[in-house]
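Structures for review follow.
Below, subunit A partners subunit B and then partners subunit C, in two separate complexes.
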Partner chain A sequence: MKLLRKLAWIILLTVAALSAMASVLSTSGYATQFREETSAAPSRQHWLGTDELGRDRFARLLYGTRISLGLAPVAALLATALAAAIGGGAGYLGGRWQRGMTVMIDLFLCLPWLFLLVIARAMLPLNVSPMVSVLVTFGLLGALGWAGPARVVAASVAALRDSECVLQARAVGTTEWRILLRHIFPRLLPILSAQFLILVPVFVLSEANLGMLGLGVAEPLPSWGSLLREMESLYGLTSAPWRLVPLGLLMLVVNSLQLVMGDEETSA
Partner chain B sequence: MKAFRTLGLVLLAAVMTLTAMAQSAGELRFCLRSEPRTFDPLLVSDEASDTVRYLTGGVLVRINRQTQTLEPELASSWKVSKDSRSISFALRDRIFYSDGSPFTADDVAATVKRMMAPETHSPMADAFGAGGEKTDIKVLSPTRVTITFAAPIAGLDRLFDEVAIVSSRSPRKEMAALGPYYVADHKAGSYVYLRRNPNYWKKDSSGQAMPYIEAIRLDIQANRDIELLRMQRGEIHLINSLDAEYFDRLKSINPSLVYDAGPSLDSEQMWFNQVPNAPVAAYKLKWFRSSNFRHAVSMAINRADLARIVFGSHAQPAIGPVSPANKFWFNRKLRPTQYDTGVALRQLQQDGFRLNGGVLRDREGHAVEFSVITNAGNKYRERMATMIQQDLGKIGIRLNIVTLDFPSLIERIAEKFNYEAALLGTVNAGLDPNEQMNMWLSSGENHQWNPRQKSPETTWEAEIDRAMKAQSQLSNPMKRKVYFDRVQEIVVREAPFIYLVNRNALSAISTSIRGAAPVAMRPQAYWNIERMSLTDGKKVH
Partner chain C sequence: MRTILLRNAMGFLTTVLLGGFLAATLVRLAPGFDVDESQLDPRLGVSSVEYLRQGRQAHRNIVAFYMRYWRKALHGDLGESQMYSRPVSELIRERAWTTVRIAGMGLAAAWVISLGLAIVVCKSRKRTVDVGTMFTAGTLLSVPAAAIGLLTVMVEGSAAIAIALIVSPRLYRYCRNLLACAYELPHILAARARGISETRILLFHALPSCGRSLLALGGVSVSIAIGAAIPVEALCNLSGIGQLAWQSALARDLPLLVTITILVTVTTLAANSCAEIVSEALHLPQS
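The block that comes next holds the complex of A and B.
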């Protein structure tokens, strides 16, 4: 198991390094359309062939990985921070606050998030650059993904609030802010980091889902979601099996993340 | 165990024999992509219901989908009055519905009366104009009827192509059919089963009763991949409308299955929001309202590449608002917009635009950047938008592509006008320009670039209004065409719609079908269903 985790780390670091060096490794830009070479098979010039518009699939995979893998943790961080603030506040204040917050969290969890994302996306300004659209997509994922972790955080903070160390701190006159910062937050960190690690693959897959619906990252920027759209039909895959590479990479990365996450959770 | 295996084999053989028998008895199979919303021919508004109506409905006159001319059906002759308000039909004698009830002029009167009644909410009534209650129907004899509408209607006789005559006497009402087939069975979400109408009136030149095929099974199947797979396996006989991608795949497997009937009547187009009070920056609105700007954008788009790459050469660069597939109404004097970024830039310079460091700026220094919205999930439109993005990049225009779910998209383009440019398509079922009145009149709801104008805001829109109204008041098609040709010229010159491509009419037809002759007009593959037949054989192809 330890070996597997090491392997997972190696895979993650390699993928991250490759995507970071996208501009060096790829022979062309991710948006350049080679209109005379559309849907081409792998060649020396295009290692993974070209897509329907003649864009280099390898370049798009590297840049797409950079976007999906780089921004999913940012979105996860945002969701975790919101969960810490909302869940932590509810758990620490207790009583009516906690009950009210629990109802709100339950309500939020009941909402069909995919539709919520579609609606939120439709309400946003139209004239934004592709890069801003990426940030908006992941920002939305982060802003809407806090409810699950918030419930865990609220329960943990409620338990910590009545713990002996907090009682002792209160007895010696420590301020509430100091209790929160010095006694509760450090004990909450392992829970928050576990929640963060759970959210990263969830958001990677969520963006892929949105991309499959054509509602993810705007063209011409690539993301795993937009790359996976190439696999919508069975026929394309049988005639051009190299199209499976993004899916393979996605599975490899998500599994590696889960393995690493398992490691972190155990150590927490 | 052995007994079970034997039983299994016997059952399998029985199923295979029954299947083979069913096909050799003449059962045509193809797929509907959704559940028909209605079997009432007067309430049809979706494609699946339209298919059932075409196969079961008896009409007075029919547009021949191949020649695009009007031919007699239940009416042996007809005459439109000079003022284009009245039409008189002489009906064929001794015609019976599928349930045996007789067809007379009373049925025509009852059908038209019900269609025009406001409480029916028939989608077809709009084409016949407002004032349904003022429609005067005179039954002169069991075989003669005259219908007078409240106002003149250009191309009046052609509109009856879609009016399936419903029985006024039959207890089965709209389920009693005058067309080649009748609905024999329907299992919601699964299939619609049509049987040959034993009382169908048509006979071929050798005196044989038509249609030749005994039954049609319409399987409800929304998934295109499964439809294609079933076609490959020989489980269905035809696919009426194929995507370019599926067409090529099927062609690579069996080239004899696919038919490309050339450009269809449908078009893909892009337009700019020109609504004066739209929530769009004033300087952008100024660009969008400039015909030089629109024309330059049009010239910077490589339509040949769109047709070749996005549609795999199964589309033609669009010339104007009417597809060349519309044999009579297409203006043959129009020439395709030439792809020329140099000329496009020169045209932009006339409006004070300057290209500096790869960025196009207007007179006031604003970088030219706008968004185009299209419906999410339509890969052809998304690909077209991506290619246009690169094309416009060459003249320094930055295009942002936004894909939206369809309800949000419609809300933006039809209600809030909160968009800059849109890329969508037009599906043209009919040929007559009158069917597009709502799109061309400046007061129209579908005058997409600036709808519901109280009075035309530009001189060219005023000219279009005049020409459209003038042609609608004439009965002579040649005189009408002069006006509509002018409309087409103005639209191409002013580019309120930037027409991109006309998709080809693609279909797949099993080699076991005889008499199929796919055309550009809907329904492309089975328009001559009564003349189609199935060859004997266990496999479909």
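The block that comes next holds the complex of A and C.
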């Protein structure tokens, strides 16, 4: 398994590096149209062919990977920070604060994740500039994804609150803020990092699902969701198999993330 | 038992009421809530536009809307869809069967596949089989639900198969881990050492040991199946509740959206409560 995890890290770093060098590796921009070459098959000039609007698929894949793979961790970071603040606060204060938070978490978790996302995303402006749509999509993932991790964090903080080191710190007159920052937070870091790594693949897939439903990143900006949307016009798996390359890359990245995540979970 | 029933009932009621209110608030606060495309129709006169505007004004006060909604709902009136101009109850009734059928069949297939595979893997105790099934589950988990729906359409498979493919890898991982833990329990190791048949060990020792967790997973799996139904129905063009939820969210149809949210909340909570009550009724041991 160690070898597989190393391989997963190599894949992730390679994909991240390739997407970071999108402007160098691709011969055209993600929105550049080759109007005389619409829906073209792969060629030396266009490695993955062109889409219905004549845009180079390889360039769109690189830029789309940069957006999805770059912003999913940011959204996961936001969700983890919210979980740390809400769950940590409720767990430390205990009593009715923790009970109130449990009701809130139950409310969030009783609705299927995709249902909650679809409803919340549709409530936000749909006809916006591509950049705003990116912020709205990933901001929403970050804002709604805190509930599950918050439950774990609250339980851990509640256990730490009554631990011997915290009781001793309190006995020598350490302030509550100092206890939180110097004694509890460092012990939460492994849990928070594991929760962060669990959320990254979840958010990558959620963005892809939202994009396929037309609620993700707006055109002409590419993302894995909007790239997978092209599959709708496929009439069979054999008619244009190169259109499945984004799906293949997504699967490879998510599988690698899951392998890396397994490693982190074990160490946490 | 009475305490559990009471606790479930209270939790159920609170969550349903809060869930509906949350959905209604979200729609009310959404940008462009006050705007109705039909108001821009040049064929409409001033009085008609004013009538439409007043119709929207009735939904402005969210608390008043929600109170009115529940008062009518208790009398069987779930309001009228703004998008379809038809009673919400009629729309739900028309489409519910499609979702119940495909989600039910998909869920049943997913349970057969995942529990069956987990039993085979844990009984055989072969590492290659274990790694192979975990890899397959991991691969399926890395495909977006919407893509599974589309791929199923391409190979002319049914929507129930798509839902089974989305739900089963999630269930399989839990089932396999639960059974693997159960097979490590001292009394099961002792039963094996005494030469008791594998079938007897499975039915009378392993499954009851993790029965409570499996039942809880059963409750959660309903929620996963409902979530899976949204992209599958939307992309496979099936007129079910999932497609209706997607369309109502896009059209910001307040009465329809609130009803669907309450319906989904009720279904998932009922499934979870049923799982807990059945566990208590069967006196299953704590996992």
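Everything that follows uses one rule, which is that the second predicted complex is superposed on the first by the 246 of 268 C-alpha atoms of A that agree within 3 Å, B and C clash if a C-alpha of one lies under 4 Å from a C-alpha of the other, contacts with A are read in each partner's own complex, and residues count from 1 in each chain.
As a working rule, contacts are C-beta pairs under 8 Å (C-beta built on N, C-alpha and C of every residue); 3 or more make two chains touch, one makes a residue touch a chain.
This structure is a prediction, so every number in the text was calculated from the model and none was measured.
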Contacts of A:129 with subunit B and subunit C, given as first, second, both or neither: first
Contacts of A:33 with subunit B and subunit C, given as first, second, both or neither: first
Touched partner set for A:7, first subunit B, second subunit C, both or neither: neither
Partner chain(s) touched by A:213 [first = subunit B, second = subunit C, both, neither]: both
Touched subunit A residues, subunit B compared with subunit C: C
Which of subunit B and subunit C A:112 touches, first, second, both or neither: second
Subunit B versus subunit C as contact partner of A:181, first or second or both or neither: neither
Partner chain(s) touched by A:17 [first = subunit B, second = subunit C, both, neither]: neither
First (subunit B), second (subunit C), both or neither touched by A:53: first
Set of subunit A residues, in rising order, touched by both subunit B and subunit C: 118-119, 121-122, 126, 213-215, 232, 234-235
Residues of subunit B defined as touching subunit A within the complex: 225, 228, 245, 249, 252, 305, 309-310, 369-371, 373, 376-379, 382-383, 385-387, 389-390, 398, 400-405, 408, 418-420
Complex interface listing, subunit A residues touching subunit B: 31, 33, 35, 38, 52-54, 118-119, 121-122, 126-130, 133, 213-215, 218-220, 229, 232-235, 239
Complex contact set, residues of subunit C against subunit A: 11, 14-15, 18-19, 22-23, 26-27, 29-32, 138-139, 141-147, 150-151, 154-155, 223-224, 226-228, 230-231, 234-235, 245-246, 249-250, 252, 257, 261, 264-265, 268-269, 272
Subunit A residues touching subunit C - in the complex, by the definition given at the top: 103, 106-107, 110-115, 118-126, 201, 205, 208-209, 212-215, 225, 228, 231-232, 234-237, 247, 250-255, 258
